[in-house]
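There's a structure below that I have some questions on.
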């Protein structure tokens, strides 16, 4: 059963939500769009393709301070900062919502990351489906789709002067209770079919016969700018830094990336690894390793295309998948099924 | 004439500031060694020697200096400038002084020299080129030396060296505009500081 | 390969120094240097404009340079005074502010990219190839450069300020003997002939006197002003300095022409006020 | 696309690789969007056919030389890229004899990002003072000697703002910074083995993405490029959150040019402006 | 966690009268790391120091802050006190609450107290980061090197040698003696130059502590004070000086004659030669450029065409002890010395750039040094002053001062200092040689500052009739046999001309050929003209910025004989002082460079004022390394480095930052 | 006028040989001046790393002053010349970032200029006071 909400009613609804919730929505700045807590409905950018950065940072901030105290016995306790209000994340695209499904796999595993759990549980996702696929988009290739409602609480699909509404979860139901949507006889557009799943590279670890490819075609070109990791909705690596001062403890947690040269030093296992190995690691981890390790059934790439657009030297994950495919064929492995 | 020189405060030394501005030379560099005078081909005629002219500018003795013959007699051979140990373009200073005298419409101590320059430019203004017969004629008519250099004329004419008619540049409008705009611009940039004190 | 220049003769080369103009044109042609007279040129302003108005002193030559720039050819100058003014202008206009001012005066855009060269450089060192057919052997000549041709050195970029060699090398290449003397670049009185003829006589006399003392039979020049002062004032010198001996004064292009096979008449040696023919005859060159 | 340049680059690459003058040739090829360009490393003469050069070749390839110190490498360099190489030579980071510079007389590049080739010239090219590389082994195009005056209109506009407005402006810009360090990592002048911002002791700028830390990071980065930034716009172009970093770099460039008449990247023999001084300069201390 | 003890000094009422010490003490107790606070009437007094020592021991303190007067006053005192308690002296920091607080804020006691608290807080923060530092000992090689065998170098070498130290004296020419040996008489006493110099030259050659290396040059210098490693090239002389007896047959018989350098071109020497009869060593060298045999060898080697030169070898045939050795090669001598004296002297300005004075083309325009040779009884004319052009005796002689001095256009804006005096001397001597001579001196200013100098120039004018004309000459030209000198007499303000028989150019003083190269070899600074730069022009006139390298004589700037001798002696005194120590200790507050952070960009080595940073290869790049013997601890390298590779002990970034953070938490 | 007058927080980086000694001299001569400046002693003004000055401003210093030997008098020969260049670049840059002109100052004070030091501090303190408090970034 579907329902329909006009654009005006949507704004009114969002206005009411603003009273009791923190409303996180796309807003324009410096020619780009970013998710940030908005104060007025007018600040929301309804007409956007996708944000420059994924909404990941709402749940897993770029840096966060976990503060605590040193108890008498010298033990340290850390307490996450509780959210003041419940939150609504409006405008998340299906690909980014899939990104949250990825980070969930990491942060929700018992015992769970208290800070993430707090934010995740208290935030309702109101997604907006994409009507068009941009040149850099490839969600359909990664098992998602521009109008997949799978990973959100509510999905809105633009239709004329309003939106078709799909309420997917209980949380969504609760939130949309006062939304003022009408019953609609319009059918929800069918989910855009996914293409055959991306073939994953050869082997997840160890020396590989394709090293020349990584060294010369990819590693040579990569400048370690780290942008791919910072714009990625799924990258979840972080670094921590502790400060103790007069009986108080502060733990700073900040995003980090496997492409930073310092990462090798800290994480150890990749210390002094040649650049090609490090590059290969990034893609191996995203594609075969993540589903392998966490049994997710989907890769740690959602096809949002941000890294494709942002990479200053055009390291294009789709091209890499194709190249590896060709390489497999050339070494005699079976061809991938045609689309 | 014997009198005491009143030394002006540096800030009031309009003469020096004008000369420094228009010639681009730093007058205080001059340490009065006299090499300029020593090498000057016409210095033996100057009432203040080139070195003394430089000194007069340093001291700002404008009225006294403006009255002299000295700077009118500079032939711009650049010997002084080339040999000055302090790298002052002394010839350019002389140029500046002439320029100042003309801007302030002073009666030149060497009226023949000034006259020559005036006629020369008048001809260039009129024809775009110099016409020697015209120059000589004008000069003799106005200088009070009607027979100056006339002894040379027969031989010169005989050898076809002095055409009676001037050569001209065709685009005379352009030439006149150059004269006009140069004068306008120069008056503007010279500013009030060169105005002759009443 | 023929070298091509925009030729700037200057006012006097068309009048009192015609022999310089004509010898230059003939010699250059024979030496494979193409001179095209600069269209509708004007006086460079020497020696008056800069004395009276610095801006005018820059603008007049700038107009000529602009014409050459538009033509895309370097400028060849014969007259030393004109050369001085043109070089000076192109040096001074290296200053962007001045260039802007001058462009305002000109009313068109001059970019100051044109190269100015004196004929001495063009004939003497820029790989020109003139054929000496008649060596002027036994002729002792003093090369006289005059003052402004070389000064200031960093602007003229021609030769040493006190002991230049460019003309001496040309004269020597013709088979003549050059004397070493101390007056190569002393001033002859330059622009004073009309207003102060007695000064010119005094200075020019000193020059000729030393040339004679150092063993020269003639003086070679590259400037119409120098030539006129040294040549036409010799009668006056005789009157003022008893014992003064006359001495012919040639343009270097005239001697070049003779050595290259032109006749004395073609080189207009008869146009000088001080007899230049007898010496050449006595040496058997004509 | 200027086919002439492309063909010249290909031909030269082939020649250099065939004759073993170099072992690696760094140039550009078409990116996966078929509109823009990306760096290409060529090791074999037959791969040279992939090379292109057009006005979307925005990337400064000089930084790659730091990874190729032991390999004889040829690199395609626009004037700004060549200036970066000069700076690297000034700073003893690359050996002249190990690099071969293919200079391009550059008419400017366009503001392009993957997916759109763009038509507007890039910021750096508007009023670019130099179209012929200051240093090259082989030049493609007709050289022009002229180096024009930089007008610094962008910087002047900033200077004309009030102090409070400027402070607010930078606060707004820096608060977007996500400290990805792409600006640093793309910059040919940033090659420190350990960047000051990664130091824990002393802690110049903590890892916290917060106003103070962001302020420290961006300003010190700019200051470290004083007398070294060659205006390639790399940092600003890659910034995923559009911080106008060149406004910082160019302010210092302007100050250095005005105070010391020094433009970085012009002379491989030059001493850095902070590595020298004149006794008679800046006579009065700041007032 | 460090254990910091804070000692608050009252300084009588100097501090306590303004700053409320109990309040400060109370506040200081709260600072992190502070475990002990005490106050004292006079911390610097013996009881005060004893209290500090005792408290360190009793409380197990490992860091100390003394809040008292300026560290410039008592830093050393308190370092000793701390050290006496067994603590490393560098684990102490002083908070200056007297000069910087109580004495200047007596008008506001509250503010002064607050400031005192913060000053102590800064010191506590900083001292917590202090590390133990240790002085190093450097051994001292008790030997000195003197570069240059002119009068300054000779004086320095003799003084050092007489004090009992070994000296190596290196001279580039085949003999020592320098410029002074070329002179006839010295001003203003008119002593015979050779008479006073020769004995000193002989002393040098016979001194048991001096190793004289003539015809040699210093090629390489490494290391630092106490331990300079020096390489000296002894050029091949082709005469075995061990067997040569200096009998003189070879140079009397050598058929090849060339203009003699020593004679400034006024006379000739042979190819095998000693520069002058009193040369030390008085043994000859063969000049390979003019020697006929070498020319012959060269002709054969290069397979040149034309007439074969004769393979002369007359010297070899005639030499009684068979000392001629055609096979001799340059020899490299390596030495270690503790200190170096640079005394490379001067040469006179080359006047060929003065075209207006003939640029060297007019034979009777000579230089003052040439006149000196002509006047010298042992010179080429045996003391007769004659015109080079025709050998006649000049009667009218004009001197031009400031040729290559006070001339910005010729790149020599400085005054050469000695010319005014030697012109007066020469004009006076000319009159003594020939009473018929009239001398004229064109001058700009007569600079006769010195003992008996002014009297001397007056004497030249009043008694010897030398006519001084104030003005600079612009032109000299030949007029028959005369030289016309055109100048201005600026006192009367008219151009003047003098018809002279001879013109003497008082050419100025400039550094010797290659002085800049010596400075580069030694890594000491030299100015734009090539003169060596002293460490301080007033207070350290013989030292350079490099410890252990001294400068003496005219290589530092124009200077006359007595000044050069005094300067040489002063340099020697500094060397003797250094060599009298067995070891040197270094200050530990030096820079150190973290190789893992160094990019090898050269910036630090370019700006180090003491050339204390060497670039050494490491891992395929070059890395900066601090030479602690040379480092003076200024910290320029630290501030210059972007990658924060250098740090300055005692003033690390972390320490300075801790002070900032203590103030602005 | 409020009772609680704004007391700016000013950091002075002084070279040991001239300016620190000059400040000592002011003390020995008992010249009074405002107490707001806190001095950090360094061997040479050339030791001042602009990063430290950035840090001071970031931490909320209201004014920062660097003082060293007069040009030509550096104990380390040329240190202050390098400092002068570096800080001459820093000053307009700070202003560009919105830190008002007058909050950063470079001064030359010799060991004998106690008087000058007290005047410099008084003037600088006045200027910074008039600019008001800044706060941490």
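Just so it is clear, A, B, C, D, E and F label the chains in written order, and each chain counts residues from 1 on its own.
Please note the rule applied: a residue touches a chain if its C-beta (ideal position, glycine included) is under 8 Å from a C-beta of that chain, and two chains touch if they have at least 3 such contacts.
Computed from a predicted structure; not experimentally measured.
A centroid comparison over C-alpha atoms places C as the chain most distant from subunit F. Set side by side, C-E and D-F show the greater C-beta contact count at D-F. The mean-CA centres of subunit A and subunit C are about 83 angstrom from one another, to the nearest whole unit. Once the centre of each chain is set as its mean CA position, subunit C and subunit D turn out to be 52 Å apart.
Centres computed as Cα averages put subunit D at a distance of 44 Å from subunit E. Residues of subunit C in contact with at least two other chains: 161, 186. Shared interface positions of subunit A, i.e. residues touching 2 or more other chains, are not present. Those residues of subunit D in touch with two or more other chains are numbered 194, 196, 204, 274. Chains touching one another, given as pairs, are A-D, B-C, B-E, C-E, D-E, D-F, E-F. Across the complex, subunit D is touched by residues 50-51, 54-55, 58-59, 71-72, 78, 81-82, 84-93, 95-101, 104-108, 136-137 of subunit F.
Chain contact summary for the complex, subunit F toward subunit E: residues 7, 9, 11, 16, 20-21, 23-24, 26-28, 30-33, 35, 38-44, 46-52, 55-56, 59-61, 75-79, 82-83, 86, 118, 136.
Contact residues on subunit D toward subunit F in their complex (touch as defined above): 158-159, 163-170, 196, 204, 211-212, 215-216, 219-220, 222-223, 226, 248, 251-252, 255-256, 259-260, 273-274, 277, 279, 281-283, 285-286.
Residues of subunit D that touch subunit E in their complex: 69-70, 91-93, 191-196, 199, 201-204, 224, 271-272, 274-276.
Considering their complex, residues 356, 402, 406-410, 444, 470-475, 486-490, 493-496 of subunit E touch subunit B.
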